[in-house]
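Two complexes come next, and they have one chain in common, subunit A, joined by subunit B in the first and subunit C in the second.
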Partner chain A sequence: MVGEEAITMMDPAGLKAIGAGLAVGLAGLGSGLAEKDIGAAAVGAMAENEALFGKGLILTVIPETIVIFGLVVALLIS
Partner chain B sequence: MLKPKSMTRAVIVGHKEVMDETVDTLHDINIFHIEEYNEEDSTFKIGKPFENAGDVSKKLVQLRSISSFLGIKPKEVPKQDTNILWAELDEKLARLENELDEKTEEKNSYETRLKELDSLKKELEPFVSIPIDLKNYRGYESLSVFAGTVKGDISSEISGITNDYELEFDPNTLTIALFVRKDKEDLVAEMLADYEFREIRVPDVEGAPSEIIADIESERNTINEKITSLEKSISDIKERYSDFILASDEILSIESQKSEAPLRIATSEHTFVIDGWVPSDEYNKMTRTLESSTNGRVFVSKQEITEEEEEEVPVEYNNAGITKPFETIMNLYARPKYKEIDPTALIFITFPLFYGMILGDIGYALILLGLAFGVKKLVNSDAIKPLMNILIYCQVSTLIFGVLYGEFLGFPLASLHGAHGIEPGLIAGFETINLFQSPIGGEMITYPIHRTHLVMTLIVLTALIGVAHINMGYILGFINEKKKHGFNAAMLEKGSWIVVEIGIVLAILGYVGYLPIAVGAAIFVIGFIMLIKGEGIKGPIELPSLLSNSLSYTRLIAVGLSSIYIASTVNLIAFEMIWPQGGIAAVFAILVFIFGHALNTVLSIIAPGLHALRLQYVEFFTKFYEGGGKEYSPFGYIRKYTEE
Partner chain C sequence: MRLFQKLRRKGSAAASSGSSNYAYVTARVRAMKSNLLPKETYSRLMNMDLDEITRFIGETQYKQDVDELARKFEGVDLIEHALNRNLAVTFSKLIDISEGELNYLITEYLKNYDIWDIKTILRGKYYNATLEEIKDNLVSAGQFKYNFLSEIAEKESYEQVIDALSNTDYYPILMNYDGTNLPDIENQLDKLYYQRLFNAIGSPKSSDSKLFSKLIRTEIDIKNIKTMFRMKKEGVEDGELEDLVLDGGLRLSLKEINKMVPLPFADFINSLEKYPYWEAMSDLVNPEMESLVDLETSLTKYSIKSAASFSHEYPLSIVPIMDYMISKKNEVSNLRIITRGKAVNLDDEIIRNQLVI
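Moving on to the complex of A and B:
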């Protein structure tokens, strides 16, 4: 059967790599989406008051965790 | 350590006659933080500045405008005596201003002349190719003169109108000088209009244009020479006076601070009251100095600090010299409150530790160490120095971890035992030593630790480091809370987290089979109830953050691995793909290697720095730290260029 043949063609290592790539890539997108708004707002706040740099930095890096989780998952898969 | 300096509230009261001496003394000892007085429904008024305030600030403005005009930069100079400076200040300042005015005025006049010459030259340029003396363009009664540009040769057209004409035409620039009788003027003008005649103003000078331009050129040269020599003498002035400017800026700033101090002080008709803060261990020194300088005519008294006032206490760090640079990191977040724990000393340990764990590469450590020392030596700025010191601490830690990991610019130093056999390391004969089997994931712990081969173990290890770090935060939070609201509140708010964690650990042990699972569950529930009592509904909502916070520490390995992969990709492209081809490709290989690692070096400051910082700010500080203390800024000045 054609279907069976296709399944046997799949290399587990390749699937792992795809999974790892999806984990990092999608998590990265998530981080990026979250960070873009925070970053824009933080820069705006900093333009008003430079002392807010520290707070802005912290708020901006908070979603970084998402991509780190993605990276950890990718490492665990591969 | 761990606590800001203890402060004492002091009130200084005295007769107005000695206000001058009091302000002087306070300024000199530079330890008293003046609490600004605001004049709300009180019999006391804000004081008036001392008499010399206007004069001093006028001179200061004058001096600073000169200083910014000359572009004087701070530098190391021998200290000057203030008495001598004051004695000669007025005279020297006037002389400096005169000299400078004279030179700039002269320079300006030359520059104006230069502009005039330039515009004259521009006007003359069209006439260069027409050999007519410029004075001949003017002053006729029966002749009309047309000078300007046309779009082509008009000689045939003009001969159709009249024979009585004189035409000079330059075919290159299409410039004409046409002389006709006045009665033909209209006809000629019409014809010229067809040729898109555009008039050019004849410059108001006499002589052949080319000669005049030659004259202009030579005059320009002399003027330029003069301007250069003027600029040199201005920079001579800068050279000669820069010490004076720096030093007198300092004494004038000091004097202006002193003379404006009464604006922050409460005064009545005959007395004055200065309210403020002094570090407790300096209190006695302050009273002694004040008494001796005013012959005991001021009265200093200690005030009790009430609970509301605690918010207002200015906060001064109390850290040893080596931990001091990390105050910058604290300030970036928020200065601790007066009664709060100051975690600078802890950051001094954990920040470089995390940074080093992430980067852990001998090559980058050496590059960045060199960079940090270089910048510290070259840039003499108070803002940069602590940052460079932090970078140096971080690189020392990176170097230690680099030795532990056995990495150099992404190359493993020791040989690598992988699934595909043994890969040789950078140091020939340096074999990886197998130590023992890791209990997690069955991986072999080796020396040096190949991070790429021990991922599982290291992920668990970093999460455990996270748990330890977070719990340190809870303990500090416990201490803070106990100081503020007593043991019970502390136990409910912060201790409950630790109880919850113990419950989770015991439950896991029960799951594995060491204990009955109910023990863990019971302790967890006790912790959970305490948490609800302590934090309200916020507690359970934040409970999952315990997991995400500790997993967040896996970045210690994850970010490090990404840095290794970037470095080894650069190495791969450079040395395995391009280098073996030789010739011009070898040059490319070297370029790829240098640029790749330069990029990764920059990332090596940003990525580990930001992540190590984030672990402090987001995971650690949120467990205990409030911050928002007021900065302690004593009334005084740190002299750099002068001494009394």
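Moving on to the complex of A and C:
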């Protein structure tokens, strides 16, 4: 009867929270990795030509969409 | 998958030199490349006189160099110094901003400026050139800094110069210099450069050093072809061949070169047809050709073009950086050709033929 008890211990709300956390957290890691190189490249280009600041900024934050997807999923779950 | 490869490479390279920052350097180099003078500029420069050219150059990326040197020099000398200084500053910047394997490869590649400077100083001493003349031709784009070089140049005799270089890699070769065998020593220095470059590449493991070695070996091929044409034109026989051509070309091995050189000129040209470099030469070579200027320009153009197309194929690698270095060097030499040509009143047509655009 110990097993049954353990199953009833798992709270669905808690699992949802873990799922939501994973969705946002992993998506954040992914976009961080993607932005690393783009950010470095943008700073490099900016060092030579300051007019590239706007373009560099926009390109750098494009992978940020991944986090937004993660956030949407997290909101849908919870 | 790429991420795994990268992590693995990082793990293996970390022990020696840390990881390379390709994204940063290539983006920066591309921005620098967009600052190079466009093709149309050269025809405009051809129509200007020296003062106008100086003013024009002073308004471009060479501004700082021209401004700082304007107190000391004027006219052609000013342009020459500004160009040399700009080249040195630009290339040292590449060494400064790169990391890891990339830094190592660039440093090895730029060592030819160190060799160039040593040669310049020794030649200067040999022909009793003045200190000013020697200093005019120093380009501190390699590991040696300008102060160090000018200190060496101030030494009285070649023995002292060589002593001052005693803790560099070039000392074992320089030791054999006895004041007369300058060409021999120069050849050996050049060979040492390529030997070290090949050592640096080793048996290429990472894709970057593979690309690097391909570019270097193409460069060697083109140098060898130029040397062969010069030898044929001047009637140098194969006895000195070993000393003059470089081993390790991509398509032309030393064996093939050995076979090609003794051929009569017409057959020699035919034997070049099977190499990819032929497309750069086909219109220009014929058995009665007089001048090699067009051919050499076209071959240089070929190497610039192949580096450029290569750099589009491999955007995040050492190739765009090599491409920039080659183009920058070419821009500086073009500007130098125009100003020097104008200064001695050369015909426009002659100057134009020398330009690699």
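Here is the rule we use: the second predicted complex is superposed on the first by the 74 of 78 C-alpha atoms of A that agree within 3 Å, B and C clash if a C-alpha of one lies under 4 Å from a C-alpha of the other, contacts with A are read in each partner's own complex, and residues count from 1 in each chain.
Heads up, the rule we're going with is that a residue touches a chain if its C-beta (ideal position, glycine included) is under 8 Å from a C-beta of that chain, and two chains touch if they have at least 3 such contacts.
Predicted model only: the values in this text are computed from it and were never measured.
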(request) Please indicate which partner A:D11 is in contact with in the superposed arrangement: first for subunit B, second for subunit C, both, or neither. (result) neither
(message) Output check: A:A42 vs subunit B and subunit C. Expected answer is one of first, second, both, neither. What do you get?
(response) second
(message) Contact-wise, after the overlay, does A:G54 reach subunit B, subunit C, both or neither (first, second, both, neither)?
(response) first
(message) Contact-wise, after the overlay, does A:I62 reach subunit B, subunit C, both or neither (first, second, both, neither)?
(response) first
(request) Considering only touches as defined above, state whether A:L76 meets subunit B (first), subunit C (second), both or neither. (result) first
(request) Enumerate the contact residues on subunit C facing subunit A in the complex. (result) 3, 21, 23-28, 30-32, 34-35, 97
(request) Name, in rising order, each residue of subunit A that touches subunit C in their complex. (result) 33, 36-38, 40-45, 47-49, 52
(request) State the interface residues of subunit B toward subunit A in the complex, per the touch definition above. (result) 331-334, 455-456, 459, 548, 551-552, 554-555, 557-559, 561-562, 610-611, 613-614, 617-618
(message) Could you list, by residue number, the parts of subunit A that touch subunit B in their complex?
(response) 53-55, 57-58, 61-62, 64-65, 68-69, 71-72, 75-76
